[in-house]
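Structure record follows, encoded as structure tokens.
Order as written gives the chain letters A, B and C; numbering starts at 1 within each chain.
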Amino acid sequence: MEKRKRAVRYGCSFVILGVLLFILFIWNVNAGSVPLSVGEILNIIFRHQGEDVAINIVWEIRLPRILAVVILGGALSVSGFLLQTFFNNPIAGPFVLGISSGAKLVVALLMIYFLSMSVTMGSGAMILAAFTGSMISMGFVLAVSKKVQNMSMLVISGVMIGYICSAITDFVVTFADDSNIVNLHNWSLGSFSGMSWSNVQVMAMVVGISMIAAFLMSKPISAYQLGEVYAQNMGVNIRLFRVGLILLSSILSACVTAFAGPISFVGIAVPHITKSLLKTAKPILVIPACFLGGAVFCLFCDLIARTVFAPTELSISSVTAVFGAPVVIYIMIKRQKRI
Amino acid sequence: MNKYIKWLLLMAVLIMGLSTGVYGAEKEDSHREIKGLTYDHSMELSYAEEFSVDYYEGGYALITIDQSGEFLVVPEGRKAPEGLDGDITVLQQPVSNIYLVATSAMDLFRAIDGIDSIRLSGTKENGWYIQEAKDAMESGKMIYAGKYNAPDYELILNEGCGLAIESTMIYHNPEVKEKLEQFGIPVLVERSSYESHPLGRTEWMKLYGVLLGREDQAEKVFEEQSSKLEKVLSAENTGKTVAFFYINSTGAVNVRKSGDYVSEMIRLAGGKYVPEDTGSNDNALSTMNMQMEEFYAKAKDADYIIYNSTIDGELTTIDELLSKSELLADFKAVKNGNVWCTGKNLFQETTGLGTMIEDIHTILTEDDASLEELTYMHRLK
Amino acid sequence: MKPYFFYTDQLTVGYDGKPLIREINIELNRGEILTLIGPNGAGKSTILKSITHQLKAISGTVYLEKELMDKMSSKEMAKKVSVVLTERMHPELMTCEDVVSTGRYPYTGTLGILSEEDREKVKKAMETVHAWELRERDFSAISDGQRQRILLARAICQEPEIIILDEPTSFLDIRHKLELLTILKSMVLQQGLTVIMSLHELDLAQKISDRVICVHGEYIEKYGTPEEIFTPDYIRELYGITRGSYNADFGCVEMEPAKGAPQVFVIGGNGSGIPVYRSLQRQGIPFAAGVLHRNDVDYQVADALAAEVIGEKPFSCISEENYQKALLVMSKCDRVICPLKDFGPMNERNRTLYEMAEKMGKL
């Protein structure tokens, strides 16, 4: 029976993802510039015994970073999935609505303002600034969405907002007193470096709640997959749905941008990989699978980024692009062949 | 729209509230009173204004860096006094396994034979122009620990780092500073680049001298440089004008702001920096970009040109210079063959600032066309 | 006045506030099929979209079972009205069963998981449209005809009171057209489903509808039963037919007759003449037909296609007068074709015609 085969496929996919997650998690905990034996690590984690330095390395450097990668990787891919479904566009990604540019703008403005007053910004303030900037961008996109019938207009408005924010940022940076602030471009590259437990707590909460909300939206999303008209006929409140989807995907991407900066390709590639694995697009399955898939993908990429050329850290976006782009191309070609 | 405005205001308030680490520009005390310690005397500083050192009985020293914080150097074998103010960071001697990110400090460490205390570097081997640093990295005595915004924490921890010396760029990545401090590694943000007098920068070697307990050596080396300067200062002002700049990839001219330490060096060497009146004075660090047109108008008649090669690479011939911009051919200095170029090591060799001023003075005063090589500059052919 | 199940009151529809059709008053009972006909671009889809709330009506109201449709929540609407539209959709990686299952959404819980009962209904709906065997196929990989049936199944398992269909048969071949309409009709009869749809196929509209609306110009031109609407003259006027004609009794169209004086005389009757008429018409050869009784099946076609027809009163023997008329016309023609094989008392004179033709050597 075909149905049985499909159920088996779903089950296997989740098991595979789970196993991969587990393996990569272990691998990541064991990898780093400072060699620590498996035994040492086990002792540190389960019995809290070991050298101070080693304990710090495992508990304060490796574990928070790995957890952040899992949470943010998952957030990115779910955000990408939501946007791809909504815009019915296979290359839509979490930053298509201009979110990261808005974040960068607010961070730049605040940094310049504070530094000119000889006040230093703490990391908490920077995170909040980035989040606020993202939300402001999202606010503009929402406002546009109310006036517009065709959803492709939203992508255009997102791109435009991205350009406007970048332009304003460059303008402001030109007149900044601190010439080093030009280094703000480093901010555009994204990195998982320097995560702390307090970061992890906050992101776990934000992403966790958003994930649950997204999961609960599975039904209207799958109605929407048939098209807006049919979805409306089936009882979906299209306006609320739009707002909800934009809001959720923006919060997820804003969270990533705030803590790690914009990380490209995960949001675009992982949903495709997940759908190919599951052979279905049903949100009730794809959303959790995307989360796992994104976590796995980012764990793998971060491992490479931080260990291959240690102590130099590769830019995580380059690694995700190197692994993500070929996958996307391959999937696109396969799909074209079928049609 | 109202909903959004309210939201924005709320965000703004939250941000204000969460700005951690507010350091206002405090008025400096004449000296700091510390409970449990008796004040002895303060360090004499000739040119430096961004830091001060107060000495206390028993060998304690308090380093105060404007806007960066206070550091109490505690001698080996002794402990910090009880009830010490939480704002003061304790640096227990011997300070070892330093993680050095601020490149300008390396030369100062070299001058006081302190490179051995540096274990971790924020710059790779091929990024250093100071031979001793290069040697140390090659031999493995100093290792690369990642860029300032993404350091290898594991390595730093594992090496038992005792102090991180960062430049003000770290303020763009506050989470790095916070993480290092979380591990108990004190972070000293050096501000030598904010010194308005060039020798003020060099005088920072005295601060590092305090850290390493090599104040005498620091004094000696500093004396050498400052006497060189005195010699130059005693000479008359030549009245000649010097332009110091480079042309970036977009074709704009990057000039020093008036009051910046390079323009100061030129002034001290007996010359006058052009273009004049560029930029505001509240931040002595910066350079600024100027359009070629404006630069042409202001600097065309400069007597000398010193091209800043530290960003784009050293030039050897005038043709190479002209390939950056044809207009330069019209400049008086180019026509007279008075174009010099800095070595790439200019900004890293903070100790040699006195020598640099001497070099500039030489350029301005020696009319010998055959003179081509100076310590820090060479003439373009 | 018997209360109607579905009716509109001065409904005005259009785009961007510009009225296209004004003051529409529809009255429909439960278990009736209402068809909208009219030329392209007249506004049939606009009306349908306004009823389903895809488009905002400009003014006027729509009532379903005495309730204002505007006041209904979207969930209520979903349980009462379902649609089959012309929009092309490309759902990714959805099987046919998945697509049909979405019709159960107004009845499932928060996560949209189908219960056993829901699955049964999906199965039944798919079986009704004879598409159960397609259930595992990918929706984008089936033919247009199959797709329409799946969409109909989806609309059915939504268990609505009214189904609204916008040109549901446009992409279907004849077999599937008939199938779809048969299914609709049976649902109407068995379950009391009410149907509102637009059709281009006039013959089908005539045969299946209980009521017909003609959308033409700014107002509803005509509204009534098929018998009232489908007269050849009205259809010609409604659609502005300039070439060819429309046969109201049989609901079929005929092409234009060939022009000119008849060159061929066809002796036909009892259905034998029709293929000959058509063949001649295709070749562009004007012909005359006779003698045909007016209740003979050939008469309908000959009337539309022939240059001249000699008709006879039904159930009467061919009169001498008509015979002479036919003879006259026949002699003017170059050729005679006689496909008629059945001669009886009524058309005895046709046999005579045939013998005359033989004598004239025109056969």
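By definition in this document, contacts are C-beta pairs under 8 Å (C-beta built on N, C-alpha and C of every residue); 3 or more make two chains touch, one makes a residue touch a chain.
Since this is a predicted model, take the numbers as computed values, not measurements.
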{"item": "Chain pair that, of all pairs, has the most C-beta pairs in contact", "value": "A-B"}
{"item": "Nearest-to-centre chain - CA centroid comparison", "value": "A"}
{"item": "Distance between the centres, which are taken as Cα means, of chain C and chain B, whole angstrom", "value": "88"}
{"item": "Geometric centre distance via CA averages, chain B-chain A, whole Å", "value": "38"}
{"item": "Separation of mean Cα positions, chain C and chain A [Å, integer]", "value": "54"}
{"item": "Residues of chain B engaged with two or more neighbouring chains", "value": "none"}
{"item": "Complex contact set, residues of chain A against chain B", "value": "32-34, 53, 56-57, 60-62, 110-111, 114-115, 118-126, 128-129, 132, 135-136, 139, 143, 174, 177-181, 183-184, 186-187, 191, 193-194, 196, 310-313"}
{"item": "Residue ranges of chain A touching chain C (in the complex, touch as defined)", "value": "2-3, 88, 215-216, 218-219, 222-223, 225-227, 229-230, 232-237, 275, 279-282, 284, 338-339"}
{"item": "Chain C to chain A touching residues, read off their complex", "value": "52-54, 74-75, 77-79, 81-83, 85, 87, 89-94, 98-99, 102-103, 105-106, 108, 110-113, 136, 140-141, 158"}
{"item": "For the chain B and chain A complex, residues of the former touching the latter", "value": "1, 4, 7-8, 11-12, 14-15, 18-25, 67, 124, 143-147, 149-155, 157-158, 160, 168-169, 171-176, 178-179, 182-183, 280, 282-283, 285-289"}
